[in-house]
Amino acid sequence: MTMTVELDVVVEQPRRWALDPVLSVEHVSMRFGGLVAVNDLSFQAGRGDITALIGPNGAGKTTVFNCITGFYKPTQGMLNLRHASGDTFLLERMPDHKISAKARVARTFQNIRLFSGMTILENLLVAQHNPLMLASGMTILGVLGLPGYKRAEKEAIEKAKFWLEKTGLTARADDPAGDLPYGAQRRLEIARAMCTEPQLLCLDEPAAGLNPRESAELNTLLLDIRAMGQTSLLLIEHDMSVVMEISDHVVVLEYGVKISDGTPDEVRNDPRVIAAYLGVDDDEVAEVEEVLDDISEETAR
Amino acid sequence: MEIFLQQLINGITLGSIYGLIAIGYTMVFGIIGMVNFAHGDVFMVSAFIAMIFFLLFTTVLGISSVIVALILVMLIAMFLTGLLNWAIERVAYRPLRGSFRLAPLISAIGMSIVLSNFIQVAQGPRNKPLPPVLSGTITLMERNNFAATISYKQILIWVVTAVLLAGFWYVVQKTPLGRAQRACEQDRKMAALLGVNVDRTISLTFVMGAALAAVAGTLYLTYYGVVNFSDGFTPGVKAFTAAVLGGIGSLPGAVLGGLLIGLIETFWSGYFSIDYKDVAAFSILAIVLIFMPQGLLGRPEVEKV
Amino acid sequence: MAPGIATNGPGSSPGAAIRDAILAGVIALGIFGPLVGLKTEQNMQNELIITTRWGTVAIIVAIVIFGRFLLTTTIWPAIARRKASDAGPSRTSVAVKAGIARWFPPVGLVFLFVYPAIVVGLLGFQGSLKWVDNFGIQILIYVMLGWGLNIVVGLAGLLDLGYVAFYAVGAYAYALLATHFGLSFWILLPLAGILAALWGIMLGFPVLRLRGDYLAIVTLAFGEIIRLVLINFRELTNGSAGISSIPKITFFGLYSFDISAPNYVAKVFDLPMSSAYYKIFLYYLILLLALLTAFVTIRLRKLPVGRAWEALREDEIACRSLGINTTNTKLTAFALGAMFGGFAGSFFAARQGFVSPESFTFMESAVIVAIVVLGGMGSMIGVALAAVAMIGGTEILRELDFLKAVFGEGFDPDQYRMLFFGLAMVLVMIWKPRGFVSAREPTVFLTERKSISGSLVKEGHG
């Protein structure tokens, strides 16, 4: 009798995000030469959730993103993406462009990567490349000027207009993306990613460099995307006000290892997280990061 | 065996010349990330300078010792070619630094056209043959009427290359100039903030590359005894191949690459067909770049996302 | 850029400017003294002898001193002042530019179509030959090559230094198939294009993952390999001697331009015999081929594939994150550019009646790349203008016979053609590093079409 009671204590209830995960990261490791950037990481991102991936600089967050979006192949482990329809994709086996096109994972970049010499509208049309390519009959029908493509392009522009409206960029649709102020560039990158109709949107530090008002607008935009119900979000963020306010689930990394995983409140009170963030001074964290960067560059050579 | 030995000797000789030119490519690429397309033609101009002064010394001024004449010619060629490359950098590349990335490459291609056509106009389109100098040989091995020989010219080329590379290595590794160069290679902005005169360092890099090309030009002229205004392109591309093969940005790599290209070329001509020796060199360039873009001694490029 | 140069100058004091100019003169003396002053020539015994030309050296050094003085005292300060005074383009200059941009293409097009008529009207059939052939056809070939390469370099941002290989494939495809099998130009034109495109895919596939200058060098190597194979594969290509008596193009098989043929165009229409008819026919043919290139490019820019090319030039990693298959996108650009090169090549073979590897040296590739970059990457008008300026400009040098009166009988302006071409490349790059027309026209707009300043447009990684 006593034994079963003990078992009841040990076995946790499955967490909400484990019930229907859009993304399951299972035992993923990423090594660069001798440096272990991510070590045996497992976590799940629930469908319809905003999942935040936080941790001190150099903790391996962007490396995880690069593994999910196919820019790196993880040394070990599995990345399982499941659509609402039930289709599953093993991301570690797919080339990067297929991850976006087939598995429907979109991303933004820490240092914004827009097509700066193209207009904002053009940026959003490039994001709809694959459906438009089909509509243009792999270009051949398009060159001949058949009406089917015209219609598809009109629809694509409508979708772009929808996201321009959402991100407040309509007035600047015909301006080059490189001319936008920083905050607007961040929003445009999100709009561009959303134009691919992703199941999972990965945002790499979306609030970096934003002022408080822009940051609040970003929160609204992200909550709006979640409310639309098609897209789950995974974000890397340093701005704790964003993380604590909007995320449903927080995963904390330090030195490539997961140290905490739970709701914002649980994570906030986790002693290991407090130690990771407060145990060392900010300056020292920066130093550690530099050292790590040096090591990763050295080993990459 | 005799044929093998002979091809080995010829290959090392040719490879020394390629290696000397390749250093110019690799240093400029290392420091400003630009393929200095005109470098092959700078080499050709240096051979012309050497030819003119050799003629001046031997026929007009009557210097009878060939060795003295050659040493003087080499020093003058190094100086004037360095001056030329300094001027080229100043006029055609420096104004374009930090602008559109293709602009310096196009400017360098333009400069290459200017140099070869300038020589054609100034010195005429015909081959310039010199009377043979240092024509003696030493027989190393002989069997069945085929002798493997090494000529005095080849010995001269080996010795000069080795001495100059040693001196050059000392400059790059041990002097403040070399340190400034390596600093600029790593991070030009930071080097400037720390008080390195970046413009001057880059200029001196061009001068050093040109001086080594001038040594190669003089040796090329002594070895083949003839030079033509169109002689810059093919050795230039082959030396660039050597730089890439060794790992662009790496100085020992450039020399190693030069020797390998020289050996491949002579062995290919010796054992397969002389017709396709340039095809072999170009194919190696393509294959190396496709499968091993960091070269033999270079550092791999990491894609940052 | 101008302030950058201005800071190189030695300030405004005249003494410093004079010292600086004299220093430039000393350097010029060092460089030009031996190379120009001591001319080596072969005498009767085939020995090299030196003749001196100190007069020429003195002129060159004087020009350098005076030019440097003028630059530091007048030209650079003037440029710097103008840079400082106008904060942006004035409204009138923008309006003028917009007007030119609107009216230039149709006016230029009409001019191109009536050009042979004008020339014939002014100079008669015989007199028109040179102007239609050396200027019209010659320039249009380079316009077409420039537009074809523009797809690869200007739109997709892949620097291809071996474009001439595809030109050669097209030319040899026509030359060989027409001489061996007697096939007509109208069958071989598409075939040559397809062959060149296949070569483009074959060569492109392994190299397109390379970045930066490496791609440029590998394409250069492929260009040279193809030329060397053409020289050495004598059984097929007849080596350096080339292939001659390549048949002329017929007017869709209806009329021939061959004097001995029964349907020779002059016989059919009872005209006096002249080779001008063929030249005028060729002129319109290459004009239409070039316009086809332009039409297809303009159409493609507005299609997803064209936008993907430009996006690729801007940021390849972002493209991949948006699900664009960058390898296929690059290959289509490479293959399409190669196809137009192939078309131009088969036209070239038919026009010359003779092909040899000499016509497909690296220099040709460099000239075509120069036209694309000087024109302003991606701009059709800019590329056309650059072709006219560079090819037309150097062709005109052939015509400047009066220079003989100035420089003496031995002076051959033709020799200086490539020298000036190279100088022009360097000078245009320093003057306008982004080429003549650097602004980019957007492919689609919501409310208003605005040109995009060249400083925002990226040049691609290749």
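Per-chain residue numbering starts at 1, and chain names A, B and C are given in the order in which the chains are listed.
Everything below uses one rule, namely that contacts are C-beta pairs under 8 Å (C-beta built on N, C-alpha and C of every residue); 3 or more make two chains touch, one makes a residue touch a chain.
Since the model is a prediction, treat every value here as computed from it, not as a measurement.
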Ask   = Which chain lies the greatest distance away from subunit C when centres are computed from Cα atoms alone?
value = A
Ask   = Measuring from the mean of all protein Cα atoms shown, which chain centre lies nearest?
value = C
Inquiry  = As a quick test, compute the distance in whole Å between the mean CA positions of subunit A and subunit B.
reply    = 50
Whole-Å gap between the CA centroids of subunit A and subunit C = 45
Ask   = Quick one: subunit B and subunit C, Cα centre-to-centre, how many Å?
value = 29
Query = Mind pulling the subunit A residues that touch 2 or more other chains?
reply = 71, 109
Remark   = Shared-interface residues of subunit C (touching two or more other chains) are 317
Ask   = Taking each residue of subunit B in turn, which ones touch at least two of the other chains?
value = 303, 305
Query = What residues on subunit C touch subunit A, complex-wise?
reply = 296, 299-300, 303-305, 307-308, 310-311, 313-315, 317-326, 332, 440, 442-450, 452-453, 456-458
Task = Please give the residue numbers of subunit B that touch subunit C in the complex, ascending.
result = 34-35, 45, 48-49, 51-53, 55-56, 59-60, 80, 83-84, 87, 90-92, 94-96, 99-107, 109-115, 117-124, 126, 128-131, 233, 237, 240-241, 244, 275-276, 278-279, 282-283, 285-286, 289-290, 293, 301, 303, 305
Inquiry  = Looking at the complex, which residues from subunit A come into contact with subunit C?
reply    = 69-71, 96-101, 106-107, 109, 113-119, 121-122, 125-130, 132-133, 136, 139, 142-143, 145, 149, 153, 157, 161, 170, 173-176, 178-179, 192-193, 196
Query = Touching subunit B in the complex: which residues of subunit C?
reply = 1, 4-5, 8, 27, 30-31, 34-36, 38-42, 46-50, 159, 206-207, 210-211, 213-214, 216-218, 220-222, 224-225, 228-229, 232, 317, 362-363, 366, 369-370, 373-374, 377, 415-416, 418-419, 421-426, 429-430, 433-434, 459
